[in-house]
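Letters A, B, C and D name the chains as they come in the text, with residue numbers starting at 1 for each one.
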């Protein structure tokens, strides 16, 4: 294979590719909109034209509740005999990091003169976050969601409808995220002239992956600052779960080029690492093996077990069969349940700057209960994977570890308890209180 | 009636009474614990002994996510032709202001050497907030909750259990908040030597009302500072819902003695009020009238329609029949559904420093949908009463109004939609999306 | 010396409790009379309040039955007025009912139309001798104490195992009639064992003159005996008796039979108390 | 001139589309042959991909039927190889299937074992003449364009109503065989009306030599006539034909009858196109 092209002009095409990953594999009808978006991204986001970024940051603060705390987790720190800090994205308005991106893109659409917002949602948080952001900015909004997900995720549907968004049931296929993405692309292909499609992670055609990362990079900017203020130096390791990878790149962004640490030594006297270790924790599901015959991967570990391919507009790592058909992925956590991953993450893993690891369903559920009981924070099941890594790994994570608590678990209560009941999770609470 | 006693020594008995309200109407067995608590309150809270308040404030910041934003609500401001700001307590960890108090009392219990936490909960947020705070501080915790409330409020029960708290079903009576409070008092009467009872609002015997207010007064401290920074002066009016009244006194506390405004005029040029107007919005329920025969008040407006009496340890305003039997209260919002109110609020209303107003179920539901659609914030049904007041009132609230968004509505989605369906709420969304 | 205090003069006093109107007025009247027949020296008669925070589940249920039967404060006074018993009656209730009381026929000056004063006057009128108000600690008791003093009725305070010396002094000095010695922490309710704390409390109270009646959890003659042997001047029994009423109510037992069972239990308890007095190492009063 | 481009020489070309293997291999083969019998000048034959983001519900369902029937890339090549039609065949698919393709029997050097080069070589081997890849815009097309050039096959690009002048130039210059003119915004699917934007697109393309085939939403002979009259050199019809297959499948119609209905619809469409050419004010090609 020899497809490498010369790097695109960095002035006009910011981060269109990440190594060989990325690109723009979309129907021609969308390309002009993507060019327009690329242009808007460069002007408003990269160059802060019309004070876009200032308004974005102000709204993230006043509406979103930023900065979110970097909290030392006392009980976990004791358990793992290191200083474990939690970046509390669960405290962001809506309950997950997703608002950073939804608000950024919604505001950008407004600056671009778009009149309508569309988005896909699986069972996760992107739909509600988009509905909130659109209501906040007074933009009409329609969310595509699989029929099956609608029936499984009543509270999230309620939230979107209550925020005034239309929820369009997608009845094709199995009625889940994949179909919802395709349906949203179809809407966009029809309405592209007045409509902006808010993709929910660092996936899709350029400039989405870079742009979504930039909206989320406030996480890592704050973490860097807070780490220095509270600990005197940068962390040794940063751990985040990875579905598409938006919370992941959000907290990694400013650490990728961290370089050897300088500055005063930490208060607690630990030796800082030469480089901040970055761990992307994927959903190991029930197993890392795949069923080629049925086209099913019982995991969502595209970085760990997937291969290069093209999906939803970008070249990246995928779960696919040998023909290139996309596999059905699986995870106990619906927000990680996706067959692809952001191209930038794929690249950073190839470059060995980020280490891709994974945690299976059981370990994630155990970690869900552990944080809830030990620290009084009920994490999202997505986040529980990042926490499970702390328990499972034999890597030396160093003295000072930051975990990105990408979201809260309120959306997952029923699912977590149901899944817990079907397994043997040693630290799960009894639920005999109901009649 | 002439029961007035000389004011207690302010050095040793901080705020035991508010005018004639307050006091300590509890069984003798609890009095020593109350004296011990009074002492701890004075030492740790009022005098910051052992840096208690510093630790409390630090944990509120790192664990709780304080400060919460003071956000201008653009659409509401336009609608009401004044500057409407929202104090975003919904962004506090757990989703409501309740954590301020739960964390404060839990930490105090720890400083006092107590080994166990108990609390009552109705359908509201106090139980989950207490369970979180107890988990955070590693304290065993038991929550009493009526059998009926348990079955109606599954997610809150899940949250408490997941955070490791025991949930004790109370099967006496109608199985709601009243019975849960009585049962918690019973537990406390038995276990008072090693157990602290975390009361959930500014009610109960002294020192609870003053102490709970002090833990929540961080709301008003922040609001004051943010108002000056963002608007150049204090607000003309501050509006909060009132059940027991903890979010209410929390945001009123530092404005009660606001005095005539000085300092530079506001950026927007409005004339500031001589005094900050304070509005406590009670639940008007379905009607302000009562059914003496059945002992039922179809509202929870104790300040507006109640009379002086003694309930749950304090003299205050109550919903009671002519004998003094406590009425069954009602509100669409379970967190406001209480027959009493904090003694300090009762006093401030008598003194005409706080105005008691009320908003009925329908107007609250309409306000719930209005904020959700206009600003992308789904408020708690409790908070919706404060928002409904903005729409309903003909009072002149001035140029600059602050509403305390005491909590988020995630806990209320099912209830709000069910109640909405049974009524004619003009701005409610259709829910035809489910099959 | 009040009638109540006098009831402790001739050996240990047996002080049974029932909630007035449980399960309804007529049966309740019959039951209260059975207490007297069974040997009660003083009767504590509950005036039901909707939030009985100091009661255990047994008495709470009695209160609910009574209130659901329509019991009001006026009904209560009428009930007491029509009782055919010749031992002193103590009204046990919660403070809000006292605080809210308004006399239909105002007497005297402009004060005292509402609250403790008219309540106590009315109580005296119907033959009540004293009060126990579990949610009224010494700190808040001045108005009721004053009203009782004016009317010459007793106000009985509860001393708990957690009560420290300073409070104990104050409580005993505010009490008249007897001191209610709470046998254990917790709420009312019948239990199997006798708490060590009972003995400790009695020891602490040994220096005070007022009779000491021990309550909370006594259910058998044997317990009564032990407690009196330990130095109590009387025993207070509530939940064990209410259990008999509840049983009768739930099994649709004829009122007369329930009354008989009540009377029998009272006898057992009273006998236990009397036996306990004989067991005493050094009887301080006889 | 390629065989595909040549198919546009003798009057307007009729370019029908079906998904290979819909609903299963044997019937599908029969249906594709019916297209040829019905007058197809070029056949677009879909190689099903699991995420067909540019397709409407009709074609998406066809793809699901085919995949559920077990269709693989190897099956597809076999299918084409065994087809008995003598018009050029265009493979319509998504890029990932091309990108992942690995040749079982490597030919030549170490390069070209995987991706566009072996895919195109294999396609040529089984008789495919060109490709339409809806998710491959000009920006990403170099490798496939190169492979097609090496093999002498056509690569057809889609021009959308939103395509600006600059992109249009680039797309046409990259295209060979014909230019696929997307008649309207949106995805594939039969519709009632002919978009004004079709005419606008054709006008913009008038200066270019390559044949212009219009697709997206054509379902009737009348539409075909209008579009050709408006200047199109050919019409592409997909969903309307897939609807016939779906109908037959759902009603359990014998394959031969469905094939007959397909052939009849093709005839109507082809006749419409031919009639449209005669209607043209100033025919630019004949």
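Some notes on this structure:
As a working rule, a residue touches a chain if its C-beta (ideal position, glycine included) is under 8 Å from a C-beta of that chain, and two chains touch if they have at least 3 such contacts.
In this text, all values refer to a predicted model and were calculated from it rather than measured experimentally.
Common neighbours of chain A and chain C under the contact rule above are B.
The minimum number of touch steps linking chain C to chain D comes to 3. The chain with its CA mean position farthest from that of chain D is C. Rounded to a whole number, the gap between the C-alpha centres of chain A and chain D is 37 angstrom. Chain geometry summary: the mean Cα position of chain B and that of chain D are 66 Å apart. Chain contacts: chain C has no residue touching two or more partner chains.
Touching two or more other chains at once is no residue of chain A.
Inter-chain contacts occur between A-B, A-D, B-C. Chain D meets chain A in the complex at residues 49-54, 56-57, 60-61, 64, 67, 72-73, 94-102, 111, 114-115, 134-140, 142-143, 157-164, 167, 171, 182, 185-187.
Listed in rising order, the residues of chain B touching chain A in the complex are 61-63, 65, 68-72, 75, 88, 90-91, 93, 95, 131-138, 147, 150-151, 154-155, 157-159, 161-164, 167, 169, 368-369, 372-378, 409-410, 413-414, 416-417, 429-431, 433-435. Interface residues of chain B, counted against chain C in their complex, comprise 1-3, 5, 23-33, 172-173, 178, 181-182, 185-186, 189-193, 295, 309-313, 315, 318, 320, 322-326.
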